[in-house]
Amino acid sequence: MEQTVADGKCRLEEDRESRLSDDIPRLARELASSCASNACFDHVGPTPIPDRRRVIGILVRCRDLLFPGYFTRGPLEEINLEYHLGQELTLLFEELSSQITYAIRHDCFRYELPCSQCQDRGRQAAAGFLNRLAELRHLLSADVRAAREGDPASKSVDEVIFSYPGLFAIMTYRLAHALMHETVPLLPRIMTEYAHSRTGIDIHPAAEIGESFFIDHGTGVVVGETTEIGDRVRIYQGVTLGALSLPPGAGQTMQGLKRHPTIEDDVIIYSGATILGGDTVIGARSVIGGNVWLTDSVPPDTKVFLKKPELVYKGQKGGK
Amino acid sequence: MEQTVADGKCRLEEDRESRLSDDIPRLARELASSCASNACFDHVGPTPIPDRRRVIGILVRCRDLLFPGYFTRGPLEEINLEYHLGQELTLLFEELSSQITYAIRHDCFRYELPCSQCQDRGRQAAAGFLNRLAELRHLLSADVRAAREGDPASKSVDEVIFSYPGLFAIMTYRLAHALMHETVPLLPRIMTEYAHSRTGIDIHPAAEIGESFFIDHGTGVVVGETTEIGDRVRIYQGVTLGALSLPPGAGQTMQGLKRHPTIEDDVIIYSGATILGGDTVIGARSVIGGNVWLTDSVPPDTKVFLKKPELVYKGQKGGK
Amino acid sequence: MEQTVADGKCRLEEDRESRLSDDIPRLARELASSCASNACFDHVGPTPIPDRRRVIGILVRCRDLLFPGYFTRGPLEEINLEYHLGQELTLLFEELSSQITYAIRHDCFRYELPCSQCQDRGRQAAAGFLNRLAELRHLLSADVRAAREGDPASKSVDEVIFSYPGLFAIMTYRLAHALMHETVPLLPRIMTEYAHSRTGIDIHPAAEIGESFFIDHGTGVVVGETTEIGDRVRIYQGVTLGALSLPPGAGQTMQGLKRHPTIEDDVIIYSGATILGGDTVIGARSVIGGNVWLTDSVPPDTKVFLKKPELVYKGQKGGK
């Protein structure tokens, strides 16, 4: 066997040149020309494009600023805290303003809009975003406390900050939402879809979400674009806050309309519940049970549960 | 406290040698011999094995070729496009043919099959795969358009390409499926399980899926091995296209049989629906509502919804 | 356009100093002081804190030891196996004992506990963990076999080891659970939440799970903190083994109580089933059908299915 391997390796070395020179140029031509009729998508041209990896890097940098010392390499001491934050903010500003500039300029390029002041707008948006970080820090601390209080399995705030997927998804949403306020294209969705990928929690950056939000477990949660959520709301894995089904072809005409529900303060929604429609309002302090399917509003202080489903039992052993 | 820390550190340095030399050799022997009876699994021997990281690297390289310029570091210009593609194709061919060779050879090694021409087969399979890339590029562009048209929240094709998890899962499936056509073992599943990990969407590489496929949100979607899906199908998060429950111990005897459903052209399946069984056919243009559970066929042009479940309301405040 | 880009770039370079020097110091002060009242969370001080990346690195190193040769870079041969394992064990011991030490010391720091012998405890816990690796290797091999036998789509044990998310989640759980036996804080949950992130399978490290456990597909699975699972149990995607809903504010008082169900030997639970409550026992050899919702116990040898739900059909073409 080892002999065969060695033999095989020799043959590979010899044949390589001839083999590759046959096919690769033709394939490269084919791939390059396969797109001529605008049937495919590429981004070929001198304009730089946002870099997904750098956008995720911005997210990671923001997390370091929002929870100082938790994700820093090496210990962070009181005496150099302000210096450390200043340095991180400087790097964040540079990265963020250039990625925003690329995102705006790219939109101009793609849609042939009159494009000007992209760079100024990029820097203004980045500055506006940085000015909101202190406020976001308070918001996220309230989210941490909501997780600590809402989950009997939580052992410490550190455990929540280090490991809770719900917190990561909410943090990412709050950062992306702040970028949307600065009318930044592309980047917010890249961020929330990264969080979706890491957590299974899909929150659209345009949703409006109040304070002290807690998502437990979280896999499969969907919070649609025009959802509104009040303060102190708690939701569990598999909850969908979505749109009613669309008539065929209506996809684009529904853009911008309120299509997703409103959840008022202090509501709890248990796992697997689905709440659909832009006119659906779940009143304050209501509790929605697991797997409930709702397309109508619910008044405040209401509990809604699925009627216990009929189960069919077969067995025990020897029975049927 | 700092004093204690410093002290502790000193002690660690001193004790280290003695402590490690006691236990590690015994533990290494235990671990090495714990497997003697074939009760455990290892891959110890001179034959190289596919490298999961390199297989994922191949996937990333393919994405760069299918959407040129979107994920490239630095801008890609028209004038060097063909050269860039040629270089990328060369690197892809080398990586792919060696990983395929390892995968085939590893199967021979594991099952003691007569093994020959592994390397030739590896190169042929890689060449066959490369020849399909232009076609895959068109297929994926149709998938991008399906997402853009099917989702009212989508803002641009760029947003779809950069961030939509459904597109990433479908792209990975189409690449892995092309490798299966070349009868490559191991690699297709490593690829689709990587996409599953990133997106929560689990598509078996052997499934047959038509053009313009759109998966929205996607977390929890399962598309089983023998599923067949037509053109212009749209599915939502949590949809299972699966197998009926197996009699105990039937796992291996069911291999290769058609166990998963057939979904015809232009079908829409809303979130959480479960469709099971190899004989189940969902007829063209049908719509399957959220959470529907189906083990029987549905004729074309049919809408199937769950009868509105009975909900129990308690409240409002002071009521019960 | 290129001209504009070049112009823009020049302006950016010129303005940079003035712009940054205006705002950054103020923002850094704001962020540093925004936390003065303990309203926010940071970890600022001389005590090192566990490093999430290193904890994940420990997990990866353990996988290499449990499945030798599968994830090693470069081939691993019989003749150097023991040496390789010894070297890996040494590195693992060093990494693990220091991360455990940081985790224990961090808890002291946070809660102002009397802290001593953190480093000795870290090393003892790491040594105790290493002594269990051979046993874990046998446990995980039984899990691999359970996957191979339970899934008709599985092609080889190698496919299972390389790519099955259920195996990765179970491996991570078994390692984290072994750390919990050594009363290590923080690290177990960081590990299982990493697996949750990669697989969509959320197993609390304190759950008790028997041999030959198989999770198929797995996205959305939740196994709560006080769950007990017997031998040869098989579960599918979207299964929740959870707690009953809590009265408002009861989160912290429920800590430590048995809140999650007990699943006896040889039970199968199909996709989307939800089983809740600390008193709920699913008897041996029972089968729980897809989407079943259970808050009561089930005797052994019982099959529980949802009564076929009433579906509403509209269509076919021209009908309503």
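The letters A, B and C name the chains in turn, as written, and every chain counts its residues from 1.
One rule holds for everything that comes next: a residue touches a chain if its C-beta (ideal position, glycine included) is under 8 Å from a C-beta of that chain, and two chains touch if they have at least 3 such contacts.
This structure is a prediction, so every number in the text was calculated from the model and none was measured.
J.: Give me the rotation angle that lays the C-alpha atoms of subunit B onto its copy subunit C, rounded to the nearest 5 degrees.
T.: 120
J.: Examine where the copies subunit A and subunit C touch and state whether the two sides share over half of their residue numbers (same) or under half (different).
T.: different
J.: Measuring centre to centre with CA averages, how many angstrom lie between subunit A and subunit C?
T.: 20
J.: In subunit C, which residues are in touch with two or more of the other chains?
T.: 46-47, 200, 219-220, 238, 272, 291, 306
J.: For subunit A, which residues are in contact with subunit B within the complex?
T.: That would be residues 1-2, 4-5, 8-9, 11-12, 15, 19-20, 23-25, 27-32, 34-35, 39-52, 106-107, 110, 185-186, 189-190, 193-194, 196-197, 200, 202, 204, 206, 219-220, 222, 224-225, 238, 240, 242-243, 245-246, 249-255, 257, 259, 272, 274, 276, 283, 285-286, 291-294, 298-307 of subunit A.
J.: Touching residues of subunit C toward subunit B in the complex: what are they?
T.: 46-47, 65, 67-71, 73-78, 81-83, 85-86, 89-90, 93, 101, 105, 109, 115-116, 118-120, 123, 127, 130-131, 133-134, 137-138, 140-141, 144, 149-153, 155-159, 161-165, 198-200, 217, 219-220, 237-238, 268, 270-272, 287, 289-291, 306, 309-317
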